[in-house]
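See structure below.
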Amino acid sequence: MLKPNIETFLGCEADFEQARIVLFGAPFDSTTSYRPGTRFASRIMRGESYGLETYSPYQDLDMEDAAVFDSGDLELSFGDTEKALADIEARASEILSANKLPFLIGGEHLVSLGAIRAAVKKYPDLHILHFDAHTDLRDEYLGARLSHASVIRRAWDLVGDDRIWQLGIRSGMREEFMWAREHTHLHKFDLKGLPEALAALQGKPVYFTIDLDVMDPSVFPGTGTPEYGGVSFGELMAAAVQGCGLNVVACDMVELSPGLDQSGASTAAALKLLREMLLKLEEPFIRGPKIV
Amino acid sequence: MLKPNIETFLGCEADFEQARIVLFGAPFDSTTSYRPGTRFASRIMRGESYGLETYSPYQDLDMEDAAVFDSGDLELSFGDTEKALADIEARASEILSANKLPFLIGGEHLVSLGAIRAAVKKYPDLHILHFDAHTDLRDEYLGARLSHASVIRRAWDLVGDDRIWQLGIRSGMREEFMWAREHTHLHKFDLKGLPEALAALQGKPVYFTIDLDVMDPSVFPGTGTPEYGGVSFGELMAAAVQGCGLNVVACDMVELSPGLDQSGASTAAALKLLREMLLKLEEPFIRGPKIV
Amino acid sequence: MLKPNIETFLGCEADFEQARIVLFGAPFDSTTSYRPGTRFASRIMRGESYGLETYSPYQDLDMEDAAVFDSGDLELSFGDTEKALADIEARASEILSANKLPFLIGGEHLVSLGAIRAAVKKYPDLHILHFDAHTDLRDEYLGARLSHASVIRRAWDLVGDDRIWQLGIRSGMREEFMWAREHTHLHKFDLKGLPEALAALQGKPVYFTIDLDVMDPSVFPGTGTPEYGGVSFGELMAAAVQGCGLNVVACDMVELSPGLDQSGASTAAALKLLREMLLKLEEPFIRGPKIV
Amino acid sequence: MLKPNIETFLGCEADFEQARIVLFGAPFDSTTSYRPGTRFASRIMRGESYGLETYSPYQDLDMEDAAVFDSGDLELSFGDTEKALADIEARASEILSANKLPFLIGGEHLVSLGAIRAAVKKYPDLHILHFDAHTDLRDEYLGARLSHASVIRRAWDLVGDDRIWQLGIRSGMREEFMWAREHTHLHKFDLKGLPEALAALQGKPVYFTIDLDVMDPSVFPGTGTPEYGGVSFGELMAAAVQGCGLNVVACDMVELSPGLDQSGASTAAALKLLREMLLKLEEPFIRGPKIV
Amino acid sequence: MLKPNIETFLGCEADFEQARIVLFGAPFDSTTSYRPGTRFASRIMRGESYGLETYSPYQDLDMEDAAVFDSGDLELSFGDTEKALADIEARASEILSANKLPFLIGGEHLVSLGAIRAAVKKYPDLHILHFDAHTDLRDEYLGARLSHASVIRRAWDLVGDDRIWQLGIRSGMREEFMWAREHTHLHKFDLKGLPEALAALQGKPVYFTIDLDVMDPSVFPGTGTPEYGGVSFGELMAAAVQGCGLNVVACDMVELSPGLDQSGASTAAALKLLREMLLKLEEPFIRGPKIV
Amino acid sequence: MLKPNIETFLGCEADFEQARIVLFGAPFDSTTSYRPGTRFASRIMRGESYGLETYSPYQDLDMEDAAVFDSGDLELSFGDTEKALADIEARASEILSANKLPFLIGGEHLVSLGAIRAAVKKYPDLHILHFDAHTDLRDEYLGARLSHASVIRRAWDLVGDDRIWQLGIRSGMREEFMWAREHTHLHKFDLKGLPEALAALQGKPVYFTIDLDVMDPSVFPGTGTPEYGGVSFGELMAAAVQGCGLNVVACDMVELSPGLDQSGASTAAALKLLREMLLKLEEPFIRGPKIV
């Protein structure tokens, strides 16, 4: 008897029970002030993921040995931001309750707030590792306190001073940079502050959020607010893999906007990064044959 | 001394005091459930309007003889729907208070609700003439009562039964079509019900709202929810000009999504329709030389 | 417990057992001589189908009352044409054996041959109703006998003279048109020959194949070999619904090429046509409430 | 020994000596005020022409029986308009001197002026048949007398009153329409004036110029100044074939802008029109077998 | 009373009287031999500039403290190159007469010649700092002496030997490289010759012209003649800021072609570069609060 | 008398007799499993090559002094892979028989197999230098042994162990990497193994095959299977020129997919690489004047 048509990210073939990591998409971009379109990221990534191999020659690990479940996309209410965040929080909480790691695929950066809310409830000592081109520290934006430009500020409301490490930042208002000096660990322009962050975050429960626009637009044009002067793919991949060596309790990847990625290359970048992060998170549990 | 760079729709060169019609853009698409992008319509239309002539050989009238002011785009809060509607209502009210006709350029269809709220306050007997492919009569959509799929239902909350004439409708839920039989005058598929609507609306204060997707996608692909089986440009132009012969107290044109209009043709269609509507609305006041 | 991510065409929610119609995609375009890309059609159509309503105001029927199962896409070997056809035939045969109607979504037109082979085995008296811009009657093309340009000629190898009705044809070699005079019922340019075809096909087992390029490129630009002078969407929809009133034992829809459809409108046309055809095929079994 | 790579329009395989018609491309768009890109039309048309059949089922004639030579594209100086026109005139004159018919592929509409200059020298009694959306009768445009918006006015400088028949016109300045009443035969909106024009032009030497934007943008989006309300492909094809039944001494087809034609459909329209026109012009000389 | 719709580059809010720098756009690309489209650069840059912050974390300076006026775009005659250059020269002269710095946004590179003509009249000792991928030293191109490929040669006609410093050059005819050895300071491939140029230009009145294609096409695909092997954004930004520390009396930025920049990233690069250059030019006058 | 329209790659103006190198295109992509489109590469490259100069400032050599003949594109049968390979082999053999160097432009990577078959017949000691992102060592792919994913494995069938040097490889199945350890010289991630390869290949007859996706997608997005982490254009250009200093008896460049290259930059990269390779191969025979 023929079976229904199941679409998942590359090699994420486990079921919920088996999985240690649970992916879910949050197709939401209603507060995006510039060019919307990140709502399509998770769906397009699934469809394109068959263009990637399951094996990583970088880590000598294979997704076929990993235990990841893709729970699909949430159906979110556009235009009702608080409701969308509540739905994201509920999904993340459900995954955390089952002692699994939620891996959220945005959507715009604000979606992270839903997952952070869930994570901070389970881990009151939550710290945040944040890769981004933008500060995202506005207290409000055009009168709204829930906005992609405020997401880290809202996260700070939950975790407080000295818990947030921001790397790669190269855009923001003067006031945001000034505010950051008092409240977060902000490293400008690149990821060179990573060793310092890794040392500080050792052993802490970490929420790891990657705004893909931390990459230079030459590498990753498929995002709504391109900001030149960013890092290369290789730099981001290496840093993200290192970050996944921490005690990561939840993580996300946001701001791929497929409509701006005519060649599909940005989607391919996001997928390769996702594979490497999943493999690193799964590494302790993988006992596959090694080439070397 | 050099002057600043003023951008207006084609031939809309009057200032506020002189004008009888005041245009404004509402770049908002946060509740769009499918493909966003209508937020760019008013800006792109201004930029492209220099590709159109001011003279209409159809009506033998020229925009150079009209008195229209373009007040630019509102700066709306994405993700906070109620606030955006309040800002639209405020602008429309300001124009109505000065005894001018507000002409709103969307944005998604929900923006009409802001202008309708303003109009119904001034004209409690307001009637609505609605051209669209979609019923827009859902009571809620994914849990939200303020949505592009609910705008005419919300308008009905304000004006009540038998005040709304819907033409061109060819998509909706079964429940919406059933509901419409009790509460609105809904004409399916085309604009052939127009004479009946015109007769009924004679002398009433009319809000005229055109969702451009009433046109067939072969004519107007640049919209987020293309629905085949629609009317031609010529049919819409003729009907819209007739509608503008009513006692129109406010009107709008919504749902152009320029990013889906690679050739620019849909933008050109919207602009030509806008020119013809403005000329018809201004016709009683124009005393320019006639060719014929 | 969270469930896996199932993607289906709009409203095709039945399982295999329940269903009377079984959809499947054949993502294959290896013999396309001009611009490939139809391999993406079924996947894109699934993804976009949530932009369409389940209810048809044309037939006053709703997909929610239909029993259709979407069995997903075949994984076909590119570059090995005979093997791909064998896989398509196997899937169609499996569905026919269960006394269900296979509905194939292409892919290039050659994929039809796989399903026709299956159908003719079960129904030796098979007739074919063919809507297309092109004759598709070449005996070979660049040395290959299996080609999108030869599919109806290969079908004729199976069913023989006077069994094939071709409508809308407006492109081909002189030799093809001459050959057709002896072997098929070919109606040039439009669908006006439909009543004659319907009369002749009454009661026969019919394979119904629609090459979507039978529509005019103004209506349906998203296809690899656009040929002007075609029919409108309304004409095709009406004719396709009439065709589905025959004793259709299998059918298909081919040649949507999503990469050429920047606005998404052609995909929307294919989906709306699919909904109307499915509803007509299901009509005898649907007992839903009627509005009228 | 391997031969060089020759690219021609579909089926234009004659050499110069054999040919009765000589095609040439004029890749020039320097005066285009809105969106340039027509310079690419002739090259793209050649490359895409292999997607079309040589046989026309409309006229039951085949390009394989015609004698047309494609002399390739001129290499024109961008930014020096007078020099570009001189080069076009020289090529057209060379063809006319050999008693062949020059068929010019634009480029923007101004290129026609070069060929008209050549034609009027050989045929002082030259008349012009002009299909277009735009009047093209400005005496100057932004200070320039040589502009795509002035090409018919400049042609009038050469041929004078009552020699120019303009059909399909639906855009221009009021002054242009008024001027036309004194100097040309201008038919607004459609091609219904054709029988009158054909009667008047019978026996005269005719230059036939087709601005492809005479078609509606729903049919032909691939042009820089789309103007809704135009004719269908079928209407244009029929009228163009009728025009080619006159004593045409030179002709052209201009204003295809391939960059605006993402799907390639507009290019396909231009090519099919070109085939039908060439076949009609060649019809008196073709003795191929007829199907009917 | 509602005000008209003023569009300016990011943060350029001064009026003419207040400003020290005056921006203006020259939307002209008529001599572009390859792919036109730079005419749209200034308009698109204005529209997109709201995606950039006014604050620079690189220089710790904010456009809100600068005094820049945007005088909008010139309306230039396409196809009449000499007239277009005269209009550009007039605008630049008007700004220079008011003792302000003209900052020209192209358009194709030839537009620089208009501004250089104005600058050399006021500063007979004018030197030129030129960043580009191409030599631009042809004496003529396809018979035309005024061409984007000749602009620096024409500038040399005005300033003579040893006044022009060319950096980043990696494309040209052999003859151009040979000619440069006698007449200009040409540094191939990269910007490493900058310290030498800065030393030589110290204290001189400098016209600074940046052809954005000096960047590698991986960084900046949105230009008509992409030439691989160029500099990174960071390299260009650093060098441009250093160049703005000279005695710059006029400058420009040319050859962004937005239609080739599907993702908008190239436009974002141009805008960020513009911000950094304006801030450096304004630095001596800015007394805003510093973070560090 | 006017001549036919000959299209060649930049500066490839020799005839077959004169030439030492013969280019030919193989427009074939039927086995491409992901996104087809490489069939258009050679045609688009020819058309775009006029945007490049004939002179290389890197090597101080000019294509005008080289002797290269462009024999145009083969007309290959889509969907019949073995037949297409036979046609490619025949063309390459014809060129090799005349003691000229065949330079093949793909198409997908499988086309190389045809040329390798020809080369190994003439040079039984053939070695292969292979730049690629992918191993291409699958023994079969979806049941097919002739596939773009198997091309180097099929080449190994012909040349055997230790004859193939693979550089830049960063994607493949685990099994492929393991297999390579026994049978080929595979260098992961970059081109740093080149000196070792050059030393080993000195004096051997070498087939040099470049899959352009060896470049990073930031540099070269115009390819169907983008794989991040690749080399820069400068790195590839330098390595390719070095490779051309070997005893190259045949070579190719494959996998440009122009439809994914909206800006045209990837095509420009391929063309510049082609120019530099041709110049290096021709260097021993060029006696043009040198600048330095």
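Which chain is which? They are A, B, C, D, E and F, in the order written, and residues in each are numbered from 1.
Throughout what follows, a contact is a pair of C-beta atoms (placed from the backbone, for glycine too) under 8 Å apart; a residue touches a chain by one contact, two chains touch by 3 or more.
Since the structure is predicted, the reported quantities are computational estimates derived from the model, not experimental observations.
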- Going by the stated contact rule, which chains contact chain A and chain E alike? B, F
- Whole-Å separation of chain centres (CA-atom averages), chain B against chain E: 41
- Multi-chain contacts in chain F, i.e. residues touching at least two other chains, fall at 216, 218, 262
- Who touches whom among the chains? A-B, A-C, A-E, A-F, B-C, B-D, B-E, C-D, C-F, D-E, D-F, E-F
- Query: Which residues of chain A touch chain B in the complex?
  - Reply: 29-33, 36-37, 39, 75-81, 83, 110, 141-144, 146-147, 259
- Item | Residue numbers on chain D that touch chain C, as the complex places them | 50-55, 57-58, 62, 216, 218-220, 232-234, 237, 262-265, 268-269, 272, 289, 291
- Message: Could you list, by residue number, the parts of chain D that touch chain B in their complex?
- Response: 34-35, 169-174, 177-178, 181, 188-189, 216-218, 221-222, 225-229, 260-262
- Message: For the complex, give me every residue of chain F touching chain D.
- Response: 1-8, 15-17, 22, 43, 46-47, 69-73, 94-95
